[in-house]
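Chain nomenclature is as follows: A, B, C, D, E and F, assigned in order of appearance, with residue numbering initiated at 1 for each chain independently.
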Amino acid sequence: MSRIDGRTPDQLRPVTIERGWSKHAEGSVLVSFGDTRVLCTASVTEGVPRWRKGSGEGWVTAEYAMLPRATNTRGDRESVRGRIGGRTHEISRLIGRSLRAVIDYKALGENTVVLDCDVLQADGGTRTAAITGAYVALADAIGWARSKKLIKATRQPLTGTVSAVSVGIVGGIPLLDLCYEEDVRAETDMNVVCTGDGRFVEVQGTAEGEPFAREELNGLLDLAVAGCDALSGIQRAALAGEN
Amino acid sequence: MSRIDGRTPDQLRPVTIERGWSKHAEGSVLVSFGDTRVLCTASVTEGVPRWRKGSGEGWVTAEYAMLPRATNTRGDRESVRGRIGGRTHEISRLIGRSLRAVIDYKALGENTVVLDCDVLQADGGTRTAAITGAYVALADAIGWARSKKLIKATRQPLTGTVSAVSVGIVGGIPLLDLCYEEDVRAETDMNVVCTGDGRFVEVQGTAEGEPFAREELNGLLDLAVAGCDALSGIQRAALAGEN
Amino acid sequence: MSRIDGRTPDQLRPVTIERGWSKHAEGSVLVSFGDTRVLCTASVTEGVPRWRKGSGEGWVTAEYAMLPRATNTRGDRESVRGRIGGRTHEISRLIGRSLRAVIDYKALGENTVVLDCDVLQADGGTRTAAITGAYVALADAIGWARSKKLIKATRQPLTGTVSAVSVGIVGGIPLLDLCYEEDVRAETDMNVVCTGDGRFVEVQGTAEGEPFAREELNGLLDLAVAGCDALSGIQRAALAGEN
Amino acid sequence: MSRIDGRTPDQLRPVTIERGWSKHAEGSVLVSFGDTRVLCTASVTEGVPRWRKGSGEGWVTAEYAMLPRATNTRGDRESVRGRIGGRTHEISRLIGRSLRAVIDYKALGENTVVLDCDVLQADGGTRTAAITGAYVALADAIGWARSKKLIKATRQPLTGTVSAVSVGIVGGIPLLDLCYEEDVRAETDMNVVCTGDGRFVEVQGTAEGEPFAREELNGLLDLAVAGCDALSGIQRAALAGEN
Amino acid sequence: MSRIDGRTPDQLRPVTIERGWSKHAEGSVLVSFGDTRVLCTASVTEGVPRWRKGSGEGWVTAEYAMLPRATNTRGDRESVRGRIGGRTHEISRLIGRSLRAVIDYKALGENTVVLDCDVLQADGGTRTAAITGAYVALADAIGWARSKKLIKATRQPLTGTVSAVSVGIVGGIPLLDLCYEEDVRAETDMNVVCTGDGRFVEVQGTAEGEPFAREELNGLLDLAVAGCDALSGIQRAALAGEN
Amino acid sequence: MSRIDGRTPDQLRPVTIERGWSKHAEGSVLVSFGDTRVLCTASVTEGVPRWRKGSGEGWVTAEYAMLPRATNTRGDRESVRGRIGGRTHEISRLIGRSLRAVIDYKALGENTVVLDCDVLQADGGTRTAAITGAYVALADAIGWARSKKLIKATRQPLTGTVSAVSVGIVGGIPLLDLCYEEDVRAETDMNVVCTGDGRFVEVQGTAEGEPFAREELNGLLDLAVAGCDALSGIQRAALAGEN
């Protein structure tokens, strides 16, 4: 009873994290979860948004977008339509919140890091790949800013690591890291963001068809926690230069 | 160790659901969760969006908005700024998904119901009050459409009831139905949407400060399920004309 | 030869002004002209728009909007369309001008009051109800600002009262305070804004069908002046706490 | 006690109406009220907006705009700002309503005429010059459409003529056709749109400073009616080829 | 084998440059290339855009637009659509670049000149007429600013003159200054901007049909250089008051 | 006297064309000109824009965009700003025109190909790399459409090949294929689009500093023609599978 692509229910797709993809950005990663490919760049600037000035604290934010033909059917370009859709907004906000969960604003100082997550090719799990890759780009950007003395604090502004994975129930079976075809058929779909030490930063579960029971929720959370644990190993290896 | 407003940790604020608030809409409800007041109107139109035409199935969607001075400080009017913010988009999408979870599209037939949820006064929990009130407005609108034979199917298009509540950890204590002051201080914030029979439609938990552990998640879910159960009793009473 | 709702030609609909409707705003009023209900909130902020800085003078402005289902058929939400329609702009400007007519900018000092007039239910005369209610919300906000010493001048920034009413010719008969059905059938439609001492702040008459003669204009003005006089009595009673 | 430009209180500025200004438009007029110059073009198209299809009735609408440097200080281009201001919307609507007051929709048939009124140079009274000029452009466009048999009805779609003028009280004196400097200093400002037979299509009076009394209103209306009468003579002469 | 309008292949249309067209602008020109008429106004303001502050250097920029009925068929108003089309942007940028080519920023000092080029009637060559006319408006505005001591440098900020013309191959024949009908039929279309001493500021050639060979390009450039030379004579005459 | 990156004046940067980069698009290419990397995808849809329906002819269009951090300093996302800048519009239009120059619309039939050119990393020459890469993506998409019988004509819709290169004068020396640092310092900048047989599709030369003389133009054109010839060899090799 294997999956579309031959995986077992609790198996991630092949995940790669390619650091230093861009010559301009202070941190940049091309992350792949199977055929899903997201380019994550981290841009560091001195100063913070107006509402935060003088606080001595930094800020981290994110913008998510999809290239028009990242998907099977070409979508309208949001810049041409002149407005950003609800889904784009929602995912940008999720990525920003997830990364801020592991930031010590005081240690960051009055600096801003913007994470741009642009989906080059989509095959399910674009937001979880974006979070997982953006964390590594953020770590590189913070490393750069510390080496350039832009960040003056001696303590590390990153208080931990963060990764994310999707889980869902397809045909009654809980599955880890859904590809697009599985995602479309999922009765329940869940995105879970965890820290490297296994705690939750964000849990978002949606019944696409039937509402789901407490035991199903528990089963999905088990899968997700294990998946995030594997992803945080891959992040560590990438940052150690072992990928 | 009572709460700001004297409630126990597992106590809802006073909840009222006033049906028939508007003379124009097919269903309309003024719902209050304490000082949070949301006007929910349901508008029925024949026909469905283009992508759904000819399917024989209906559609339910929602738009959420806040009056500029619903909050303590006046916010810009989104119509004047010319674009809708991320938070507004996200909540509109959540309300729509939550209501669609209890809709039998075939029974609804090719009709569309739009739920407008306008927050007249905000004191925390606007999205959960909106879902809880919108369900009642939707039920009234569907009743109207059946009586007018717009809906032709003999079976009820509503497959269940749906309500929502917020829970959060404040000062280490899990609390039900946070008011604004509690919401601001919450370390973890969660919105849970349940059906009347206690299953989950949507679970959205966010660590505002520290990431949260599995046991904390479990404690919050227990509180939320009990809260939604109480809310679905209040919905039933309102629909039975007992409020 | 009575009207749709049984009134005589020179009779207002039942008018109520409910003060203190919102817990957040410095002034707030729910005003009803029959089935027309408008929530008017007044927000006071220190400071003035850039072009007025350093003048020692304050500013009063207004924004008018309609909830999508305030009317019989649901209208598009202007925030979703991304632009404000001509009618909305025009009425917002009218309300602002009308209120500024009774403001002593110097006495107000460099403070700004924004009046938000949101139509919760529409049945004709929404702009005149908005002006009439907004005046009371403005008076409350100014009272608040004086008590908080935000306004430092000892003289009252309000130089008078202001109210508004619609008049129109329907079936050849001049009528006061048109409801929606009358408004649709009116050959000539006029909105008149008066001060409490019976002078004009704004006179806007439009021939919807046949152009109108000077005598017709005179008859309509007589009706309107009497209507505004009655409305200013209702405003005074509300502010005196007698409603 | 003569005016800035030497006129008597009841004197119009030199008014010229130059027909056939554009080689493309079905009707086109360059109208001047003193230094105020407005280019009015009338564009005829077969068919009507969707909401009017199948009615057998035509439509007339208008768009007003100002070139950025029509005024003393350069204004932002509304196309560049990406939105139209309230004043522009309001005047466009006024011009459209004024012209529709003399249109027999049935005789026009399912044709649309769009009047573009672009202010090339502004010196007060741009909206009244626009209405006065647009009427002549409209008459020419209708003449063209009748000659081309686009309009099939034998009766004239124009049921009368329409012109407009501003009046105001400056230094206590009622003045006709205010130039910019007078307009700025006016205590009360009024725009009046009349048919050729002296009836009112639109009356818009605003107290810029002190509210105004009934007698002042009467005095202004007398001036305006006389001014419109003179303008309709100038229109007739232009259409007769006598200018 | 003469052209539609009887010209020889190397002949310009009648070109007129009317200075001082507007009473408000510091420089203003109504330029005609045959039936193409463009109103060019130059607005001088003290100060420069933020990115240039403190540099001691000035700035010159341009905005191009077409009245909706400047063309044979009425186009949508870009302010109403809420966005500027690609063509408008492109031409605005071209005009700005062309004028900046003859500006000594240091001599201009921290002043900004905005050129508004509004096409009142279009018959081909609107961008080349705009550049040619805008140069004269710019010269007048700079003359004004020098006389008012806004420009303090003693040396002339204009380092030369600039004019532009279109050329194209129609029916295999290279033609100068295409009118609309020729433009539509052109196989190759080229806009050339030259200084008064015959050097190039901008060369933009596009194959509308067949790609063009090097010899064809050379032939077109010869025509254009001669055309620009004639235009710069007309500009000089206009500035000398000889038109 | 070698260049920044050691090239001779007439040498291209290393150019790579990677076909089949995306699994979804009908044609997709990652093209590099040195550090400039552009992802070009070609999307084929049946049908044409409304204005072309029933003509039996196809359409080809392009959209160009830059990722926010493709450049050294992060730029605002155009989708977030809600409008597309002038430069983006201009380049999109250039790419579309360039590709249409080698299209036989009749042979394409009523099909549309949209080329999305997204700059992942910018180092000068993004528009010329986009055109050169987009041609190959277009060729692949047309091959796909012919194999799927979407294109029914037996003759090839591509009438030739097209490529583009920038040239410029830096320090008095004409250089081929400018990188960003050279581009910034160029006195004259030119983009040339050629067909494979050496004819011109588009010639755009701009004097960034001093206007340029006819001989300089000739020198730049010589360089560009040779560069395009080399690029069309690389395109042929890529399409033959030899890269």
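Just so it is clear, a residue touches a chain if its C-beta (ideal position, glycine included) is under 8 Å from a C-beta of that chain, and two chains touch if they have at least 3 such contacts.
Predicted model only: the values in this text are computed from it and were never measured.
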item: Longest centre-to-centre distance from subunit F, chain (CA-based); value: C
item: Rounded Å distance between subunit B and subunit E, as computed from the means of their C-alpha atoms; value: 59
item: Between subunit A and subunit B, centroid-to-centroid distance (C-alpha), Å; value: 28
item: Computed distance of Cα centres, subunit E from subunit C, in Å; value: 50
item: Whole-Å gap between the CA centroids of subunit D and subunit E; value: 33
item: Numbers and ranges of subunit C residues touching at least 2 other chains; value: 82-84
item: Sequence of touching chains round the ring, subunit B onward through subunit C; value: B, C, D, E, F, A
item: Footprint of subunit E on subunit D - complex, ascending; value: 22-25, 28, 35, 39, 41, 43, 45, 63, 65, 67-72, 74, 77-84, 88, 114, 116, 118, 120-123
item: Contact footprint of subunit A on subunit B as seen in their complex; value: 83-87, 89-90, 92-93, 97, 101, 160, 190, 194-195, 197, 199-207, 210-214, 217, 221, 225
